[in-house]
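Quick one: the structure is below, and I'll ask about it shortly.
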Amino acid sequence: MQGFLTTAPFTILSLPLLGTIFIALVGPRVHRSVSAVIGNLSILGAFVLTAMLAWTVWHLPPDAQVVTVKYPPAWAAHPVFWAHIPPLTISFEMRIDALALLWMLIITGVGFLIHLYSVGYMADSHGYRTFFAYMNLFVFMMLLLVMAGNFLWLLVGWGGVGLASYLLIGFDAQRTAAVLAARKALIMNVIGDVGIMVAIFLMYAHFGSLSYKEVFGNVSAANTNALDWIGIWLLLGAVAKSAQLPLQTWLPDAMEGPTPVSALIHAATMVTAGVYLIARAHPIYDHAPFAAMTVAVIGCATAFFAATVGTVQYDIKRVLAYSTMSQIGYMILAVGVGAYAAGTFHFITHAFFKALLFMAAGIVIHNLDGEQDVRKMGGLAKRMPLAFWTFLIGTLAISGIPPFAGFFSKDAIFDQLLTHGHPVLWAFAVATALLTAYYMFRLLFLTFLSGDYRGTREPHAASSTSMAVPTSILAVLSVIGGWLVLPGHDAISAKLEPVFAGALPEMGGINAMVTGIAIAAALVGIAVAWALYGRASQARTKLRTVLSPLRALLLNAYYFDTIYHWLFEVPALTVASDVARYVEPDGVGGFTSGVAGATTKIGDVMRSWETGYLRRYGLTMVIGMVLVLAFYLYLVHGAAAVGMK
Amino acid sequence: MAAPQIPLGDYLTVASALFVIGAIGFLLRRNPITMLMAIELMWNAGNLVFAAFARQFVDMTGQVFVFVVITVAAAEAAIALAIVVMVFRRKRDADVDDISVMRG
Amino acid sequence: MMSVAGVSISWAVLAPIVALSAGGLLIMLVDLVSRSASKTVLYSIGIVSCVASFLALVPLYGHTETTLAGAFASDRFSWAFDVLLLLTLAITLVLSSLRKAEDGGSPGSYAALLVFCTIGGMVMAGANNLIIIFLGIEQLSLSLYVLAGTGFPREASQEAALKYVLLGSLASGFLIFGSALLYGSAGGVGLAALHSAAVSGGTLFIAGFALFLVGLAFKLALAPFHTWVPDVYEGSPLAVTGYMAVAVKVAAFAVLARIAYEVFGQDSFALVPLWSVAILSMLVGNLGAIRQRNLKRLLGYSSIAQAGYMVVALAGVQQSGLNTLLFYLFAYALTSLGAFGVMALLGDGTDAYADLDAYKGLHFRRPWPAAAMALFFFSLAGIPATAGFYGKLLLLQQGFLAGPWGIALAVTLVAGTLVSFYVYGKVVWDMYSYVEGEAAAPSGNAFAPWVAVAAGAVGTIVFGILPQTFTALHL
Amino acid sequence: MLIDTVIFLPLLTALVLLLIPRAATSVQKGVALAGALLTFAFSLAFLSLGPNVAADQTIPWISGPWVAAYHVRVDALRLFFVLLTTLVSVACIWAAFSYAHAQRLRGYLCLLLAFETTLLGLFTAADLLLFYLYWDLMLIPVFLLLTGFADHPGARQAAWSYLIYNGAGGLALLLGIVALVSQSHTFELGTLALRLTGPAEAWIFIAFALAFLIKTPAFPFHSWMPPTYTSAPPPVVAMVSGVQSKAGLFAMLAFALPLFPHAAHAFALPLLVLAVASVVYGAIAAMGEQDMKTLVAFSSLSHLGLVWLAFFAFDITSVSAGILMLVSHGLIAAALFLLLGFIEERVGTRDLSRFGGLAEKAPRLGVMMLIAAMAALGLPGLSGFAGEFLILIGSWQTQPVFTSIALVAVVLACVYMLKLLQGTMHGPVRVPDERTVSEMRPREAWLLAPLLAGIIFLGVWPGWFNDRTPSGTGANTIVGAVLAEPGQR
C-alpha cells in the first residue's frame, strides 16, 4: 500500500516523459504509427495509474489523504536534494492529494482522449512524430506542475508547460503567424514565471522554505501585508498562464496551434493552471484578503471582458479561445472568493465541454481543409452531423442549460458568490452567462445552421474513427459530468475536504432564485442569438450600424494588442536597436577607441618633434638641460630661485 | 708676492659665458665644423672651471682632468672631422640641415 | 701588487680590462700584419679575449677591491655589468660574422673598435671618480661614433655617425662642465668626496650634478636627451645597433647605480629630477614607437622606454634595487640581442628585415624565427613566463617600496607597458597575419645568428620561468 | 602529480603536434582530440575527491625578494572550473576539425591546446604569481588565433581590442599584486594572511576588481567582447566565452574576496550597480542585435552580470549559486557558439535578417539549438534556470532592489533568445545564395551532446553540484570567509 503510494506518482510522471524520449530517439527509425501508439499508450497508462492512485488515496482515512512523497526520505544516509545550499534546501517532493488528483485525472484522461483524436487529426502532418513527442512532453510537465510538493517543482512544471505550449503553438514553424504567436505566448508566460519567482523569494524570506508543508503550515504566523504581496505575485503567474487580464492577449493568438493543442493545452488543462495555483496556495489567500479580492476581481473582469469580445469574433477557434478565457475567469473568480471546490468543479466540467467544443470544431476545420472563418461556413449540420450534435452538447453545457455539465458548476459558482457576499461580482457573472449563451449559440448558428454552406472549399468526407470516438466520449461526459454534484450529493467537496481542511462550503444546494436567474440569463442569450443569427435577420445589419464603434472596439479586443504594441514593444525594440547600433559602437566602444586614437595622436605629435634636423635635436637637449637645472634649483631653493614666484 | 688673485667668481662667470656661447653656437650654426668648434668652446669652459678650482684648492686633480679632457678632445675632434669628411664626400655640402634622411 | 709612483696597482682588478685590451691590440696587429687574415680569425680573437677577460673576472666574484688609489674598483657595481658587457660583445661579434665586404670598413678595425668600446664600458663600470668615468664614457663613445659609421656605403649610416658624434660631444660638454662644478663643490673628484658634498648640498653641487646627469642621461637615452636614439639606431649597421642598445645602457647604468648608492643613498631628493626624466622617457619611448614601421627605429624608441623602466629599479635606492636593475638589464640584453639576432638571421646580416612589412605572414613561412621573435617581443612587453615579465615585477616592487614618486613611476611603467602592448603586439600581429601569396623578402638562414637567438631565447625563458636561477648567481 | 598531468597534457599534446608533418591533418586531428579527451578523463578523477578534500601540491619556486611557490590545487571551488575547461576543450577541439585551412590546421590546434593549458593553470593556481602568469599568458593564444587563424575580416582588428583591453586589465591586476606583495613579501595564498586596511586595501581591491571586470566582462568594460566574440572562429569563442570569461569571477571568489574583505564590502554598492547595469544593458543590446553571434555575446554580458550580483549580494546562497551559474553559463555559451558556428558554416552569414527556418532542413540542429537557447533563456529544468533562480533567491534576501531590476532581464532574455532561436530555426525557410543546408553531421552532434547533457543534468539536479562545491556554512571556508562580516574576523 505504502509502496504503491510512493511508486505510483513516479510512474505516472515518468510514463509521458519516457514516451517523449522514446519518440525522440527511436521514433525516426521506426514507422510513424509507432510514435502515435507510444504516445497514446503512455498517457493511457498514466491515466489508469492515476485512477488507481486516486482510488487508493480516497480510501485512506481522511486525515491521511494528503500524501507527501519526498526525496530524500528522512532516513536517507546520503540525502539528495534538488538544491542544497544550507540554509536553503529544496527537495524532490511531490504532494498527492485530492486537488492534485482531480487535475491529474483530467490531464491524463482528457489528455488521452485528445491524443487519440490527434491520431486522426494530425494524420496529414509531416511533423507527426514531433507532435506526439511534444504532446507527451506537455503532459509530463503538466503532471509535474500539479504533483509538485513545493513551489520550485511547481515552477519547473510551470515553465515546462510554457515550453510545450510554445513548441505546439509554433508547431507549424513555416507559418510566420504561428511563430509570432508562439513567441508572444512564451514571453507573456515568462512574465508570469517571474511573478512566481518573486513570490517564491518572498516565501523563502518569510518562511525559510519552499515546501508546501512548511509554507502553508506557518502562514498564520506571517503578517497579512507580506501574504498579500506573495498572493499578488502568485497571481501574476496565474494571470499570465490562465490568460487573464491584463496578460490575456496571447491566448487568441495561440489558436495558431493545431486544434488538439488548443483543446488540450489552451482549453482543458494548461490555462487552468492559474486556478490550480490559487487553489493550491489557498492558505495564503485565506489569510490575504486583499490578494484574494484582487484575484476575484481580475477573474470576474476577465470573464466579462472575454465574453464581450467573443460576441463579435468570426474565427471559430478565436471565439472558443475567448470563451475559454471567460470560463477560466469564472474559475479564478470562484477561487478568489474562496469557493475552491466550485472553481475545481467548473474546471472539470469545462475541461469536458471545452475540449469537446474544440474537437468538434476541429472536425469541422479538418474537413474544411483548415478553414476557420465562420462566415465561410454555415449549414454544416447536415454535412457533419457528428460535429453538429457534439458541438451542440458542448454549447448547451457551456451556456449553463440543465442538465448539462456546465449548468451545475456555474450554478455552484453563482451560488457561492452570493453566499460569500459578493453581489456585484455575481451580477457581472450572470451578465457574462448571458453573453456566453449568446455568443456560443451565435457561433453554433453561424457554423452549422443559418442557411446554406457559404464556403468555397468542398467539405471532406466524415471524420475518422480516432476523432469520432473521443469526441463522443467527451460529449457524454459533457452531459453527465455535472452530476458529480447534485443536491445533497457533493462528490467534489467531499474529496477536497481534507485538502482545504474544512474551509469548503457545501455545493449542490439549489437556490431557486439564483438558479432561475442564471437559467433565464442563458435563455435570453440563446434567444437573442436565435433572433439575430438563427434566421436571416435584418435586425443584424441594423444593429451592426448602430453599434459600430462598440463593434470595432470588441473586434479589436479593446485594442489591447495595439496598446501593448505601442506601449511596450515599439519603445523596447527601438531602444534596443538604438543601443545595438549607436550606443554600443559609438558610446561605450567609442570611448575606448577614442582613448586609443588619442594615444596614437599624441604619439604622432611627439614624433613630429623628431624632425631629423640635428639642430632641433640639440635644441631639445639644451631645453631639457635648462629644465633639469631649473628643477634642481627649484628643489634646493624653492620657487624663488627659478623665478616661479 | 703673488700677483693679485682673480676672484673665483670671475672665472666661473667667464666659464659660464663660454659654455652658453658654445651651446648657442651649436644651435645656430649649420656647418658641422663650426658646430664642433662650438662644442670645443663648451668643453673648454669646463676646463676653465677645473683649472680655476684646482688653483683655488691648490689641488692637482683638476688640472689632471683638464689634461685628460684636452687629450680626449683631440681624439674626438679627429673622429668627428673624419666623419664630417666622409659625409662631405657624398654630399659636397656643409649644411647639417641637409643631413636629415631619417626622421619621425 | 705593485706600485707605480707611490700608487699601488692591483693588477688582478685591472686584469679583465688588460686581457680585453690585449685582445683588441692583437686584432689590430694581425689585421696590420696580414691583410689577408679572414674576418673569422679576427672575430675569433675578439671572442677569445672575451673569454680571457671573463676568466680574469671570475676570481673577483664577490670581492670588493679598489686600485689606483681608489679611482677604480671591482665590486658589486662592476662585476655583473662587466659580465654582461662581455656577453654582449661576444654575441655581437658572432652576429658581425655576417658582415660583407661591401659593408665598409675593414673587419679588423671593426672588431677592434667593438673590443675597445667594451673596454670603455668596463672602465665606466669600475670608475670610482669623475675622471675615470669621463674617460670610460669617451672611450665607449668615440668607438661607437666610428662604429655607427661603419656602414658608410649607406647614407643613413653616415648620417647616424654625424648626428651621434655631434650630439654626443654636446652631451660630453654638459658632462665636463658638470664634473667641473662637482669638483668645485666637493674639492675632489672621488665619489667619496662627492658623497660628503651631497650631504651638505649647495647650489654649486646641485647645478654640477644636474649637468652631469644630463650628460649621463644622453648615454642612457632618457627623454628629453633621447633625440639621437631613433636616427642612430636606424642608421647604424645592424650588429652595431644591437650592441649599442645593450652595451651603452649597461655601462651607463653601472655609473648611475654607483652614483645613486655611493653618492646619494636613500631618501635623497637629488634624484627626483631623474624620476621625472624616467617618467617622460617611458611615455616618449612608447608613444613614439606606435607608428614606426622600421624595426630598428622601433627598438630605438623601445630602448628609450626601457631605460625609463630601468630607472625605476633605483627608485628609493633600496638594498634590493641593484639586483633588480641587474636582472632587468640581463633580461633586456638577452631579449634585445635575440631580436637583433632574428633580424640578422632573416636578413642575412643586412637591413632587409628592418622593415616591418617584411614580417607579414612570417609565421607561415618561417615559423621558428617568428616564434623566437614573438618570444622576444613578449619579453619586451612583459608577458609572463619571460624574463622581461619578472624584471618588470621586480621593478614595480622597487617602485612600491619607494613612496609617492616610486608609485608614480610604477603607474607610469604600467601605463607605458600598455601602450607597448600595441607597439610590440604589432610586430607579432604582422608575423602571424596570414597573407596570401609569396614572401615579401627572401630570408636568410645562416648559422651564426642562431647562437644569438638561442642564447636570447633560452635566457629569456629560463630567467622568466625560474628567476631563482638568476638570484642564485648573486651577481 | 595528477594536477600537473591535467594542466600540461594539452600543452604536451600541442608540442607533439608540432612533430607531425603539416600535411598529415588527419593524424593531427586524432592526436589533438586524443590529448583533449585524455585530459578530460584525467580531470574526472578529481570528482572522487570529497567536498572537503583538496588535491594540493606545492613546490618551492622563488624565495627572494619574496616567496612564491608552484602551488596548484584542486578543491571544491576549483573542481568544476577544471572540469568545465577540459570538457569544453574537447568539444572545441573536435569542432575545430572543420577548420577550413588544412595548411594552418596544426597551428590552430596547437594554440587551442595551449589555451587550454593556460586556462587549467589559471583555475588550479593557488599562488598569486602563478595565477598572474596564466592570467596574462591566456592573452597570447587568443591573440594569435584571432590574428592568424580567423577568416573573418574583422578578426584582426578584434585581436587588438582583445589584447589591449585585457592587457590593461592584466596590468591593473599586476599593479595590485605588486602593491600587495611589496607589503606581504609572499605570493602564497595560504600565508598571505596579511590583512590590509585603509586606502591601501581599497586601491588594491580596485585594481583587482578592474581586471576582473574587464575579463568577465562587465559593463562598461565590455567593448572588447562583441568584436572578439563575433569574429573569432567558433571553437575559440566557445572557449573564450565558455571558459575564459569565468576567470575574472573565479578569481574574485578565490583571491580578491578573501584577501580584501573590508574593501569588498565597502565597494559592494558600485559593483552591484555595475552588475545590474551589465544585466540590463546586455539584455537590451542583445535584443537590438541582428548579428547572431553578437547577440549571444551580449547575452553573456547579461548572464555574467548576474554572477557579479550574486557575489556582491553577500548571501551564502547567491554566492554558491554564482559558481553554479558560472559553470552552467560555460556550458550554455560554449554550446551556443558552437551551434552558431555550425549554422554560419551552412548559411554563410550571421545576419538574422538574411536567413531562417533551418529547423525544417536540419531538425536535429533545431532540437539542439532549442535546448541551448532554452537553457540560456532560463527555462526551469535546465541549468540556466538553476543558476539564475538560486542566485536570485539568495540575492533577494539581501539586495531586493537590485534583484528586482535583474528580474526584468529574465523577461528580456526570453525576448532575445526567442529572437535568436526563431530567427535561425523557425519561420519560412530562407537560405542565402541557394545554399543547401545539410543536417548536422554525427561529429557535430556528438561533440555537443556532452555539453547539452551537462546543461540538462545541472538543471535537473543542481544539488549534486552544490554538494561538490563550496556551499553551506561548515563545508568550505571560502564562502564562509566571504560572508563573514569583516568586523567579526
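All chains are identified by letter, namely A, B, C and D, in their written order; residue positions are counted from 1 within each chain.
Throughout what follows, contacts are C-beta pairs under 8 Å (C-beta built on N, C-alpha and C of every residue); 3 or more make two chains touch, one makes a residue touch a chain.
Since the model is a prediction, treat every value here as computed from it, not as a measurement.
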| item | value |
| --- | --- |
| Chain with minimal offset from the mean of all protein Cα atoms | D |
| More contacts between chains, A-D or A-B | A-D |
| Where subunit A and subunit B are represented by their mean Cα positions, the distance between them in whole Å | 96 |
| Rounded Å distance between subunit A and subunit D, as computed from the means of their C-alpha atoms | 35 |
| Subunit B-subunit C separation of Cα centroids, rounded to whole Å | 26 |
| Intercentroid distance (Cα basis), subunit D paired with subunit B, Å | 65 |
| Two or more partner chains touched - positions in subunit B | 23, 26, 96, 99-104 |
| Residues within subunit A bordering two or more other chains | 596, 607, 610, 612, 614, 618 |
| Numbers and ranges of subunit C residues touching at least 2 other chains | 162-163, 166, 170, 174, 230-231, 291, 422 |
| Pairs of chains satisfying the touch condition | A-B, A-C, A-D, B-C, C-D |
| Of all residues in subunit C, those that touch subunit D in their complex | 320, 323, 363-364, 367, 378, 383-385, 389, 392-394, 396-397, 399-401, 410-411, 414, 417-418, 421-422, 425, 428-429, 432-434, 466-468, 471 |
| Touching residues (chain side subunit B, partner subunit C) in the complex | 12, 15, 19, 22-23, 26, 32, 35-36, 39, 42-43, 45-50, 52-53, 56-57, 59, 61-62, 64-65, 68-69, 72, 75-76, 79-80, 82-84, 86-87, 90, 96, 99-104 |
| Residues of subunit C that touch subunit A when the two form their complex | 162-163, 166-167, 170-171, 174, 201-203, 206-207, 209-211, 213-214, 218, 223-225, 227-228, 230-231, 269-270, 272-273, 276-277, 284, 287-291, 419, 422 |
| Residue numbers on subunit B that touch subunit A, as the complex places them | 23, 26-28, 30, 96-97, 99-104 |
| In the complex with subunit D, residue positions of subunit A that touch it | 24, 80-88, 90, 130, 152, 155-160, 162-163, 167, 170, 173-176, 179, 182-183, 186-187, 190-191, 193-194, 197-198, 200-202, 204-205, 572-573, 575-581, 583-584, 588-589, 591-593, 596 |
